[in-house]
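Here subunit A shows up in two complexes: once beside subunit B, once beside subunit C.
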Partner chain A sequence: MSDVTPIRTPAESALIAAFPAARKSLPGNAHVIALREAAFNRFEAKGLPHRRVEEWKYTDLRTAMRDALPLAQAPQAATLAALGHVADPFAQLDAYRITIVDGHHVPSLSVDAIKGVTLRDLAASLSTGDGIASLGTMAKADDSALALNAAFMQGGVVIEIAKGVALDKPIYLRFLVSGDKPHAIYPRVLVTVGEGASATLIEAHQGADGIAYQVNGVVEIKAGAKTHIQHVRLNAHGDAAIDLSSLGTDLGEAAEFKSLNFVMRPALTRHQVFARFSGEHIKLDVSGAALLKGKQHADSTLYVDHAMPHGESRELFKHVIDDEAVGVFQGKIVVQQIAQKTDGRMMSQAILLSDDATMNNKPELEIFADDVACGHGATCGALDEDLLFYLRARGLPKPEAEALMLAAFVGEALEKIENDAVREALEAQTQHWLLSRAIK
Partner chain B sequence: MLEIRNLHVSIEDKKILNGLNLTVHDGEVAAIMGPNGSGKSTLSYVIAGKEDYEIHDGEILLDGENVLEMEPDARAAAGIFLAFQYPLEIPGVATMTFLKAAMQAQRKARGEDELSTAEFMKRVRDQAGHLGIPQDMLKRGLNVGFSGGEKKRMEILQMALLEPKFCILDETDSGLDIDALKIVSEGVNRLRGKDRSFLVITHYQRLLNYIVPDTVHVMAHGQVVKSGGKELALELEANGYADYKTLAA
Partner chain C sequence: MPAVKETVEQVKAIDVDQYKYGFETELEVDKAPKGLNEDIVRLISAKKNEPAWMLEWRLDAYRRWLTMREPTWARVDYPEIDFQDIHYYAAPKMNAAPKTIDDVDPAILDTYKKLGIPLREQEILAGVQQSKVAVDAVFDSVSVATTFKEELKKAGVIFCSISEAMREHPELVQKYIGTVVPVTDNYYATLNSAVFTDGSFVYVPKGVRCPMELSTYFRINEKNTGQFERTLIIAEEGAYVSYLEGCTAPQRDENQLHAAVVELIALDDAEIKYSTVQNWYPGDKDGKGGIYNFVTKRGDCRGKNSKISWTQVETGSAITWKYPSCILRGEGSRGEFYSIAVSNGRQQVDSGTKMIHLGKNTTSRIISKGISAGYSQNTYRGLVSAHRRATGARNFTNCDSLLIGNNCGAHTVPYIESKNGSAIFEHEATTSKISEDQLFYCMQRGLSEEEATALIVNGFVKDVLQQLPMEFAVEAQKLISISLEGSVG
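For the complex of A and B:
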């Protein structure tokens, strides 16, 4: 890859021009400022990712992101009041709620304290340095989206779960985007899970339709030895939004980590997962489901680094693609030479509901160890006509027969969610999507 | 009940049914026998409404109404049921969910009230009991991992629950041992009645010892080439299909 950057796009120029002022106004002690500057320099050198950058081959951000937008400000009381009307997809969930509006943690809409957990406001921590020693170390890839977030991160939370704590309820991070003007939003969350602790972390992302706002969020999870973590992310951003999301995790010995990303509405989204195996006997399960229509574009990109022996990884991605929508799955699994007895299985499956729907699959295994069991597969096609006929011959009208099959298809990924209320909420979202398709 | 007139059907430019005529009266059990490849499954699919076929000519009338114009689900709601020769596996769709969806969809199409969950459960339990289908099988994905015999029993369960008026059994006997054959046949015989007709497709006479037909039709080369009473089945058993292969060729 050549490092020669072509002429800058207006969005790149605007981002570069905005940094000096942002660096002064955004929170951060000297250490954080240095971190922001280093990240900014990486971005400045590479620019926005485009299709000649191998990792971004199918998602040309340089083309998609025409303008840079002004940074979102902390929400006013009126803004928060207006957001009260947005339906909560996890309304039924008994959870510790934390609300982040336009990239800013809102204490008045968040739990104050959780037993066994230290909760901090990220913006405050960026200034004081409290609890952020490992910030920026979970996803170390040389990636422009990550770099942009590090340069411009505004707020969020730092969650420290103490050793051995088994949380009785999920921690629910609700991210809302306000307003009728498009802004750029850079939230960041850092979660540290102490040895032997267990936790369920839920994210929901919502914003208004018709507004081309841009979100670039990062969630870092440091999973100590023998931790048990379930992470679920619902991406229900507005239908004109561009959403970039990075999940970085560093896994300690015998940690079990499950993460599922569920994509509904945004115009363009990319969810990238960076997972590093830093101990033996780790179990990682990364999955995703996307329901896409119109001109939506959804990219799931994984980078799984088996850096220790006896690790297990499972990846299952399900795309349902209608109209002219585009799905992307890129899964790179690296098995280092030392990582003997690694057991990895990756699968991507897509159902195309229209002739104009597209799925791009790029699974990659890079194996340097000799005693491993690794495999991957990808399927892509229309709904099985024979199965549809079987259901219709039993009296199910075509839309219902299709909905039943699609719900079952997506259900194979949702099954991985251990918390019943969370799984049922996503099943309800699926039904809602299928219903709106059936009556269109 | 069912009247098929001069039915001509092809698939992928291959002519399969060549002017087939068949009448099945109310309450009649008609058997269709014929060599492999004679078009028996094609006939059953065309009646049920599978879309892959090109219909050049002919009519299929159910109580006087041409069903060829109807979608498969509308035919089902009108009372046509096909027990598949090879029932399909549908992973992720629990059998119970499927049964309920099918029953409610048909009732809705006919303008009937929804069945209460209690009533639905009762009916399923009763019929599954008759057919020796254990409850845990009903919780699994439809037909997923079921043996051949279990799949055939599941087809009969669906038939019993949906209460169709015209039932097609496509080689329901194939792959069944004698015990399963008895259970399935009893299931069918329980459903016999003056308002319900059956088209029992089979390659072998054996099934017809248990489901005794009123009429037997021999199919060869996409036509009914001979019709008679139940004794015709025994005649075929003794002489084989060799005569018919040449007859229509």
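For the complex of A and C:
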């Protein structure tokens, strides 16, 4: 890493200046305040990540984040009423709904109780210390984005699923950004899944177009032994938004964890996944799909730490990139010396639809154990001319033929979603995107 | 008792180092004082009777080097190098520049003979070797002999040491040196630009197919010296040349630095094939001693349909930091990289390539095989990039790693950057150990575990060995089995 300390950007200076006041106004007991301060010091030492920081090589936040924005306040009734008109991408989904507006949990728009689940308001828990013992232990990395969220986290929910509970419906976390003015939003969600429990967690993120708000969210999931978890995240933030997202998970013995991130609209987004194998016989499946156009920039970064034997991990990422958009995939599989019999497969595929599109792939393997089978693949290129010709020869106009091929390409990732309603909703989003492209 | 005896012998074989080029030659040596400053740079330049522009070039590089920092991004770990504790120039004492091979110190000729590199042309012709190979022998800081010069001259090919080229063909050197690896390129390349002492120079004129393989043999002999060589190969329009490079050093407890720069330039329709068998002293089993091999190698496919191909077999060095690259500038040009990196003991390898697609319809292919054993760390680090104008660029990359034993590491760090929609890049990498089934199959047919491992490893690296010129392929195959000896069981 470069030890050159660059001059502070206006955004960095503003963030540093804002912290003392924020520390006083943001919720938190003594323990949380210490946590915030430690995180802030890490951020202050490193500043915003830039291209000389290896993990952020392709996403230069220092350049992209021009200025720091004021922290978003808890939404007023009028704001909530206005948000009622925003179409719900999972409107058809039968689920336990929890709504988080501008980083603040809104009880009036959320389910009160779920059987077998303890629900808490994160802001309240930060003050009382209830249920947040493991806060900050899953998403753990020397990373400035994570540190910023830990320093400024405002609200969210704490979800505790009891041992052996099999949830009958998904828990649907709907994150909305209000407004006409850009704000900075730092939500955090902490999920603990007890031994043998199974759950589906859906996230949808939406915000208004044309407003350059900034979101830096963290979701932490502690998966106990023999748990079965499916996680789906839809990123439909506004087209001027900067969205940073981290998912940290710690997996217990024989846990099965599936996560998919679907990116549609934001100007700049980075979704980073930190997964740690804390038991044997774990199955992890992380995937992602991104549909990018205009000047969008979408980064998917993974850090999979095989710290125990007999683990299995599968990663599949699909990027469709049009216009001058930029796709980034960085995946790192680490296999520790004791993690024998690890089986890891990572694949990143990109289709570049325009001459000005860019894809940066960096799949990494770091292996210290000998009895393993690990592999990664990465491809990028244009749509196959022969396939296109085949379809057109059968009477499909070019835009439709392309749409058909792209839908199939993205579909390989979406197939991993077990819940039909969720998968169909994302397939509909894909169709919509492809259609708008065909009309253009 | 046979089992015990066998075990004892095996342990002995591991104990006694298997590096067979570890001997030292006693010679009277002309050395520059230890340390690095402008005077040393001037001294080197004066020793070489260089033109004034060259001295300026070196001093420029030196001043720039002072402002640079050692890179730390590679996955290698070594104590800080004291750049003031090295002799930057060491040459065997000679009364006058040797005119013929008979003037060269017999001790040096013996050294090369021991290494299996005969320098007397008649010996080569009389020998069993079928095809002729012209050799430039670089001993510490100087080139001691170049064979078959006359015959090559008849074909129009210039093959000599770079010091000689600077005197005889200054216009060519000045035109091309530093145009592929600029003085400012990186820490070690800049250091090399300031203090390089010798190396080979090859110029193949338009339309000439070089009549024989060219080869340079690098030998570090003197203690506390660094070897900084510089090689420059130019293939004019339609020319072809195949060049081999070999290297060894004595077995010593302290680490020695080898920081070379190699520049290749291929013009329209030219082809350069560059093969390396790197067998520097790797240090003993505890990681004591060994060469630090920090090398910058780069080829520039400047002309249309030109081709540069790198083939490397890396078995030596305590630390290897080496990324032979191709800049694919000319339309339709092609770059290739075939590599076998074997690491054992405490060796650390961080090697790979860069394929930079700038021109239209450029193609490249990367095949890298890493084998790690013992306590070694073996990293493949590579970049494939297509720039905006590289329409129709195509790359295929395959890097496989094999782990032998439970204490080594194999890592893959590829960077794949495409800025052009019509570029097609494919990359695949796998890491595994030798399959139990394969081992069992071979052993069931009467092979020992070591033999079986060697057989499987040879199969694993076959793709790359096939790219080596005949004479080297056999040698390389032997080298791989030697490096892996003692890694099983």
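Observations, loosely collected:
Basically, the second predicted complex is superposed on the first by the 437 of 440 C-alpha atoms of A that agree within 3 Å, B and C clash if a C-alpha of one lies under 4 Å from a C-alpha of the other, contacts with A are read in each partner's own complex, and residues count from 1 in each chain.
We adopt the following convention: contacts are C-beta pairs under 8 Å (C-beta built on N, C-alpha and C of every residue); 3 or more make two chains touch, one makes a residue touch a chain.
Predicted model, so just to flag it, every value in this text is computed and none were measured.
Of the two partner chains, neither subunit B nor subunit C is touched by A:K295.
For subunit A, the partner touching the most residues, choosing from subunit B and subunit C, is C.
Of the two partner chains, subunit C is the only one touched by A:D371; subunit B is not. Residue contacts after overlaying the shared chain place A:H432 against neither subunit B nor subunit C. Judged by the touch definition given at the top, the superposed model places A:M359 against subunit C, while subunit B stays out of reach. By the touch criterion defined above, A:R52 reaches neither subunit B nor subunit C. For the contact definition in use here, the subunit B contact set and the subunit C contact set of subunit A share no residue.
Within the complex, the subunit A residues that touch subunit C are 1, 54, 337, 350, 352-382. Across the complex, subunit B is touched by residues 385-387, 389-398, 400-401, 404-405, 407-409, 411-412 of subunit A. Against subunit A, in their complex, subunit B makes its touches with residues 48-52, 71-73, 75-77, 81-82, 84, 87-88, 90-93, 97-98, 101-103, 105-106, 109, 141, 158, 162. Looking at the complex, you find that subunit C touches subunit A at residues 72-73, 388, 391, 401, 403-433.
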